[in-house]
Amino acid sequence: MDQDQLRVLLEQVRSGETEVDAAIVRMRHLPFEDLGFAKVDHHRALRHGMPEVIFAQGKTPEQVVGIAECLLQNASNVLITRADRDCAALVTEKLAGAEYLSLSRTIRFWRDRTVHGKGTIAVVCAGTSDMPVAEEAQVTAELMGNTVDAIHDIGVAGIHRLMHNRERLTSARVVVVCAGMEGALPSVVGGLVSAPVIAVPTSIGYGASFHGLAALLGMLNSCASNVTVVNIDNGFGAGYVASLINRL
Amino acid sequence: MDQDQLRVLLEQVRSGETEVDAAIVRMRHLPFEDLGFAKVDHHRALRHGMPEVIFAQGKTPEQVVGIAECLLQNASNVLITRADRDCAALVTEKLAGAEYLSLSRTIRFWRDRTVHGKGTIAVVCAGTSDMPVAEEAQVTAELMGNTVDAIHDIGVAGIHRLMHNRERLTSARVVVVCAGMEGALPSVVGGLVSAPVIAVPTSIGYGASFHGLAALLGMLNSCASNVTVVNIDNGFGAGYVASLINRL
Amino acid sequence: MDQDQLRVLLEQVRSGETEVDAAIVRMRHLPFEDLGFAKVDHHRALRHGMPEVIFAQGKTPEQVVGIAECLLQNASNVLITRADRDCAALVTEKLAGAEYLSLSRTIRFWRDRTVHGKGTIAVVCAGTSDMPVAEEAQVTAELMGNTVDAIHDIGVAGIHRLMHNRERLTSARVVVVCAGMEGALPSVVGGLVSAPVIAVPTSIGYGASFHGLAALLGMLNSCASNVTVVNIDNGFGAGYVASLINRL
Amino acid sequence: MDQDQLRVLLEQVRSGETEVDAAIVRMRHLPFEDLGFAKVDHHRALRHGMPEVIFAQGKTPEQVVGIAECLLQNASNVLITRADRDCAALVTEKLAGAEYLSLSRTIRFWRDRTVHGKGTIAVVCAGTSDMPVAEEAQVTAELMGNTVDAIHDIGVAGIHRLMHNRERLTSARVVVVCAGMEGALPSVVGGLVSAPVIAVPTSIGYGASFHGLAALLGMLNSCASNVTVVNIDNGFGAGYVASLINRL
Amino acid sequence: MDQDQLRVLLEQVRSGETEVDAAIVRMRHLPFEDLGFAKVDHHRALRHGMPEVIFAQGKTPEQVVGIAECLLQNASNVLITRADRDCAALVTEKLAGAEYLSLSRTIRFWRDRTVHGKGTIAVVCAGTSDMPVAEEAQVTAELMGNTVDAIHDIGVAGIHRLMHNRERLTSARVVVVCAGMEGALPSVVGGLVSAPVIAVPTSIGYGASFHGLAALLGMLNSCASNVTVVNIDNGFGAGYVASLINRL
Amino acid sequence: MDQDQLRVLLEQVRSGETEVDAAIVRMRHLPFEDLGFAKVDHHRALRHGMPEVIFAQGKTPEQVVGIAECLLQNASNVLITRADRDCAALVTEKLAGAEYLSLSRTIRFWRDRTVHGKGTIAVVCAGTSDMPVAEEAQVTAELMGNTVDAIHDIGVAGIHRLMHNRERLTSARVVVVCAGMEGALPSVVGGLVSAPVIAVPTSIGYGASFHGLAALLGMLNSCASNVTVVNIDNGFGAGYVASLINRL
Amino acid sequence: MDQDQLRVLLEQVRSGETEVDAAIVRMRHLPFEDLGFAKVDHHRALRHGMPEVIFAQGKTPEQVVGIAECLLQNASNVLITRADRDCAALVTEKLAGAEYLSLSRTIRFWRDRTVHGKGTIAVVCAGTSDMPVAEEAQVTAELMGNTVDAIHDIGVAGIHRLMHNRERLTSARVVVVCAGMEGALPSVVGGLVSAPVIAVPTSIGYGASFHGLAALLGMLNSCASNVTVVNIDNGFGAGYVASLINRL
Amino acid sequence: MDQDQLRVLLEQVRSGETEVDAAIVRMRHLPFEDLGFAKVDHHRALRHGMPEVIFAQGKTPEQVVGIAECLLQNASNVLITRADRDCAALVTEKLAGAEYLSLSRTIRFWRDRTVHGKGTIAVVCAGTSDMPVAEEAQVTAELMGNTVDAIHDIGVAGIHRLMHNRERLTSARVVVVCAGMEGALPSVVGGLVSAPVIAVPTSIGYGASFHGLAALLGMLNSCASNVTVVNIDNGFGAGYVASLINRL
């Protein structure tokens, strides 16, 4: 409810068209509805002009289907992240247009393919094992209307491969870098490009990687100034912010 | 040394204008020079089109003056961060144009005030104690050619203050949010705006804040999708990335 | 055994009605009995005037049934928390009046529904995934004789939903707030209400949430002064303390 | 601005007494003013009906004096916590009515001594070294209109002392327990009383106490159900919540 | 090989009874033999005069049987800890005299029941869930020739139960205390008795117990001076050291 | 107040010698007195038959003198630990018989030099830097009536030195081992002796020693079964428990 | 592409044999090829003169087979680490010459058995449970052309066994030491030998071992100067570096 | 005492030249002497053929002088690390030949400058702030008879500088890499060279660097296989091991 609507409402109060009590009620009426287990916020979709997203982890397949159904009434594109096979099976069975990408465990409803991004988003990953997270970032960015250039398996210990892809990296408007283990790739990429770099630590590794903590700390301490960081394995968040930036 | 320069060089080799050995030498000649204690990289300044920055912590005042002197020969604007009073005293004595901002412990040489940013960068802080970090972000963004809107002391426990500043927040092209303690402000701001939010955890707090760890973890786990995070107290990094985004 | 009983006993010693040795024995006779594997403390129930509670995790279904059986002889209401399906199956089969609430994995024997609380306890949760913990708090508070107002899925990134429920929040005498991820909701709710707020961090999240640690630290560092905290996922504890407060 | 005020304002709009634009402006006018470095929120004082509090750590003595001066215009009682000697010197010099309690490093302006609390708040500490934190809790509770019963130095390894004070403990309406090292006292006190217990871990200890972490974890894992926890050394928070509860 | 044996050997060298090279070989011949996967050290058994112990975790059932078989040739009593059901099945099938105690997952060969301990060892546990660890301590102490007084389920939140058992506690020569969650019991017991107390943190708890870390830290910071600590869930170690002390 | 005294008291009640109310009062009269800032517990001294101990850290020199003065009225030997130079200066000035040992920062009043221990306590330290902690253990044990054999600077990387002292180690009745850095010495000593070993991690080290955490974890995970552990730098605790054991 | 090749290429440019554009293309042509999911870097194999290695964890059996197939075209020896049974089944079915070592979960293709190492590499482990990690180190070193002397089950608590193997240890040119729990073995071995010692913490242990953290910290803080450390359970890395050193 | 000496001794026993008791005494006589506060181990110097090293931290200047004096009688070269200015002042005053290098806080006695190393040791550091640690490594390696090539300030965010030094890096026989912050440099260097790389995390950084923990974890998780790690800021250890390797 923005200021213009408020002005209209107050004019109606002034003119007697609307009663005071009714005005109070309407002022309090915010644009969301109640499903019982989750308040679906169409408002947010409008505000951000973005697809709707459901985080499936910790929800039953039935809950996911229920929320998705509701969202699909208003949103063109819907993204479901962290969906296991059971969830995917039910969603694809019940709801038309669902595609399951098993590597990243995402389900997408990609009904509006308009390109909103002004340039290319590069999504880079350090190793084969980081690909699920990278794909989550890629799917998110594509669903939000971006052209994505996916560059896989260019770790810092083989600096040649990285240099080989330098042109693709420097031509991107935003770069997403996914890496586990020591998480050094964002620093090196950050030094090569002048675009903003969004670093995604992955939980890939063992022992003293502590499920992604080593990579997370490495990225937060990056000596490259153009690096910001999201949560461990949060490919979605990286793709989302990259899309916001690419629309500017 | 970009591809065009390489082509010119190879043409010279072909034409015999340049000897093979000389060509090898020139190919290896990268644009930095050696001060003995630190390789000053003018190249980076060119690449990013940005002011030069010196991280003063762990360097002697003499080292800082030496590096700054060298940088000022090529760069219009130079920023020195984490400068204590001794460092500031020597720098302002030795080098013309130095201004010391004691709250954020930054020294700036602001010789070129061209505005490069396309919109406003909002720099928000949760409490009075977070102001040093916020000022570091503001100084950085200003020196990089941005208009900054500084909004101080709007914590989440007084949501009215935050709502009061909603319009200023939503009109920014990028938002930097500095907060210590529980670090919840970026989540709330992130829900109010559709711009990218760069969250800076500060080391403000006590006990279980563990010198900013609580705020850092809170921001990494933000339920708002448009939030990325930099290191604890890294106002510079936030101002830097915000500037990169605001130029897009 | 309170002071009055002691006085009576001593009078009996004086009068010769009770032998010295018998008095010593009776003084030592505290009101609990021995089941072999767990000393059931009826005394505690009397002391607190509260239902009996069994923490089922780490106990076999047989042990839980045994303890419950014993407790039901003296207590009107019995609550079993952290009961998995096997435990619930055996308890509901063996003991009359058992109800299993699978979301929160609680079993309740609700035989005395007297209301003891003077006002309403609001039980708030940030996301759908936090509902199991919120339900544990709600079931506990209800079994202890309180009217509960359950408000679900009002996260800090959608501040509108929160504001929409403001009246319900401010009309509660105590507020329980369950949140995972960054755990920011108690701070915002704490700023809106003047009642005591009991914050329950949940283990919902991934990566740098570290199984609820991020939410826990966030809540402990809350900038709202009316917030206290219980253990991660401890919905029972929050409901219990809220009930104590609501009886005052 | 509550609903009644809103209703009055809307009636004025209806009657034409107030212009629409003026109404919008007044709706947005929230009750706080701007000091430049900190937005003082009188509103919060009204909302909670509580004294104003200044957290002095990280603020200059001049800032503290400035904020206190402003607050004293509206609030009867003002509490300044974490004030070092320099801060205390300036405040007591500049502002009439200031008392400095050096043990807890608090400054109080106690102009209204009305008792609001319905019962007694017991403030217990485990050892002599925990007394600064206990005093902070006591001063806070007293300034908020409560009668405090301070019980010092009753650690769990001398259970006799604790039992000796049992009556004082059980006669309190709320109990605040401050303890460092293993932080076991709240569990034992919690088992003895039926009142809500607010546990304050202190940073007292060495080695594996990790500056209060051991005590904090101990309290969060308390086997007594009536215990909630605040941040390490947060005597103020404990006194504040205890006061809220004691007013119910 | 002690000094007496060395002297005898040297006398033989002197007398020519033993060749120099043979003497060198014998000097190097230490009393252990090689099973291929584990060097069984009979020597240690002799040195300590104690039963042999096998830590079964991380070993195959076949390996456990092999080691046990070898040990049983020299030792009267053999204890196998951390044995799962598969391991227990094979051991009890293959080796005569094996008893499996499923609660503590220990297998014992108790062929020599001589009492070596001079007094009683009290083994105390805080809750029903701590019983497996307590039983491991009890079985160890019994197998090493001690009389054990097992006292279960006396947590600090029900101080009456603890006081009720005070006499049994004070009559023990050594006390082992097992507790999870906040791990406060050793401090309280330590204050009641003058015997050495060996504290065993258990992994019982959830959330901020961090698998026994809270209890471990609590015990290490105990304010009772007579408390030492062993590893989380290390009932064996506690029973072992208690036995050593009880032989003194 | 033990059972015999209780019986006498009850006989007096029976005979009319003592009034009921007086009996209640006497039952509640526990043997400690109140200094205002610390309840001095003579009872504990009696119970343990041990010297009194004051932990000076966090107490003012004046408080330490006050407590010591009170204790010296009843106890023969008094030990003050963690006393800095200021504290030592005041104590030695005000109280006769005080000796300050600056290495371990302990003050001792050693008026009764009766030997209570049945054998020798070996106090071992790994490096020169661990000597302050070792001395605290030694002073404690000596003041409690033990003969101490101090063995310094025998680290695990020079196993020859350790073997050289093997006889002294094996002839001790209890062994205290102080070590920082990797904390491996207790494991090696534990394997050489059959006596109980009390391990004291010290905060000596740097980097990943994390102020003694590495040594603490190493000792808790010792593969030698006869090792128990006390807090980091807790030489006092180790000396205290060793003394208890050596009296058995 | 080394300097000689560059010189030849430039000579060709000079002579006109190669066009400028073709030269640029060839300069950029680095020696790796693209499998789609992983860029196989033959270049690295050439550079290091070492077998190729595949880290199977987090890769599907199909991916592992694909990468292995490609590598086997150029490399004599290929090592696959962290291969579970499914992976091993497919690899041994599809690719000739594969041997699966189930203890260490490694698959080797050992086609070239040339010895490159100048001396022996000793691979030592502290306990039977550490053998999988030790075997990974051994297999790696053997595949890289080294003679390995495997010494198992010599823990620090049985120093005799260690001394018994002293000659074998001192005759090695490099020593790899694998140990879990307190991780003390590398320090003791480091003190006995003058060769470089590579320490491998293993995740063997329980409770406060925190999955190898205790061993890792112990090794990093080793008081022996000749010790360096690799990641927890990283037998491969230790074997690899030992091989590099043994070739020198 | 090696086997040959033992044989000679035994022959003497046989021939009657040496008494049995004298032989036992001589067997036990190991080559170290006792200074009271530290057992100086000349033996170790012989064994390793290396200079003697004193870790000055935690020792008084007088202790350091005492130990150094003793060592200088037998060793040509002596190195003192972690020496503050007071220590350096006393050592250089009292002992001839001492040189203080204030950056790395080392004192060296470099009397024998024989070169023992077969190649060059490269000592690399990422930033100017890492130079103290790098210098400690360099001084150590030089004192142990190595030629060192020091390469400073080549961070991963400026990959050009690194490539510029590639030849120097690849021509070293061993490489020591010191880096703070994210600690990524060893991975990149490790990928460029085939020599063993010893990584030294430094405590340089702030916030989430946690005093070198981030760099340490990054290095332990390096994706380059030729990297091993020493403790945070342990330049000495790295220089020491590099020297051992370079002698092979």
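The first chain written gets the first letter, and so on, giving A, B, C, D, E, F, G and H; residue counts start at 1 in each chain.
In this text, a residue touches a chain if its C-beta (ideal position, glycine included) is under 8 Å from a C-beta of that chain, and two chains touch if they have at least 3 such contacts.
Since the model is a prediction, treat every value here as computed from it, not as a measurement.
*Asks:* What is the touch distance from chain D to chain G, in steps?
*Replies:* 2
*Asks:* With centres defined as the mean of C-alpha atoms, identify the chain lying farthest from chain C.
*Replies:* Here the answer is chain H, farthest from chain C.
*Asks:* Suppose you list every residue number at the chain F-chain G interface; are over half of them used by both chains (same) or under half (different)?
*Replies:* Over half shared, hence same.
*Asks:* Which of these, D-F, A-B or F-G, makes the same contacts as A-H in over half of the contact pairs?
*Replies:* Of the listed options, the interface copy of A-H is F-G.
*Asks:* Report the inter-centroid distance (CA atoms only) between chain C and chain F in whole Å.
*Replies:* For chain C versus chain F, the centre distance works out to 41 Å.
*Asks:* Using Cα averages as centroids, what's the distance between chain A and chain C in whole Å?
*Replies:* Here chain A and chain C have centroids separated by 38 Å.
*Asks:* Quick one: which residues in chain G touch 2 or more of the other chains?
*Replies:* 44, 127, 158, 163, 191, 207-209, 213, 216, 220-221, 225, 231-232
*Asks:* Let me know each pair of chains that touch one another.
*Replies:* Inter-chain contacts occur between A-B, A-C, A-D, A-G, A-H, B-C, B-D, B-G, B-H, C-D, C-E, C-F, D-E, D-F, E-F, E-G, E-H, F-G, F-H, G-H.
*Asks:* Within their complex, state which residues of chain H touch chain A.
*Replies:* So the residues of chain H in touch with chain A come to 126-127, 155-159, 163, 181-184, 187-188, 190-192, 205, 207-210, 213-215, 217-225.
*Asks:* Within their complex, state which residues of chain G touch chain A.
*Replies:* Per the stated touch rule, the residues are 28, 30, 32, 37-39, 41, 43-44, 55, 57-59, 63, 82, 201, 203, 211-213, 216, 231-234.
*Asks:* Could you pull out which chain F residues touch chain H in their complex?
*Replies:* Touch residues, chain F against chain H: 127-129, 131, 152-154, 158, 160-161, 163-164, 204, 206-209.
*Asks:* Quick one: in the complex, what on chain F touches chain E?
*Replies:* Result: residues 44, 47-50, 53, 118, 173, 191, 194-196, 198, 216, 220-221, 225-232, 236-238, 240-241, 244-246, 248 of chain F touch chain E.
*Asks:* Which bits of chain G are touching chain B when the two form their complex?
*Replies:* 3, 6-7, 10-11, 13-14, 16, 20, 23-24
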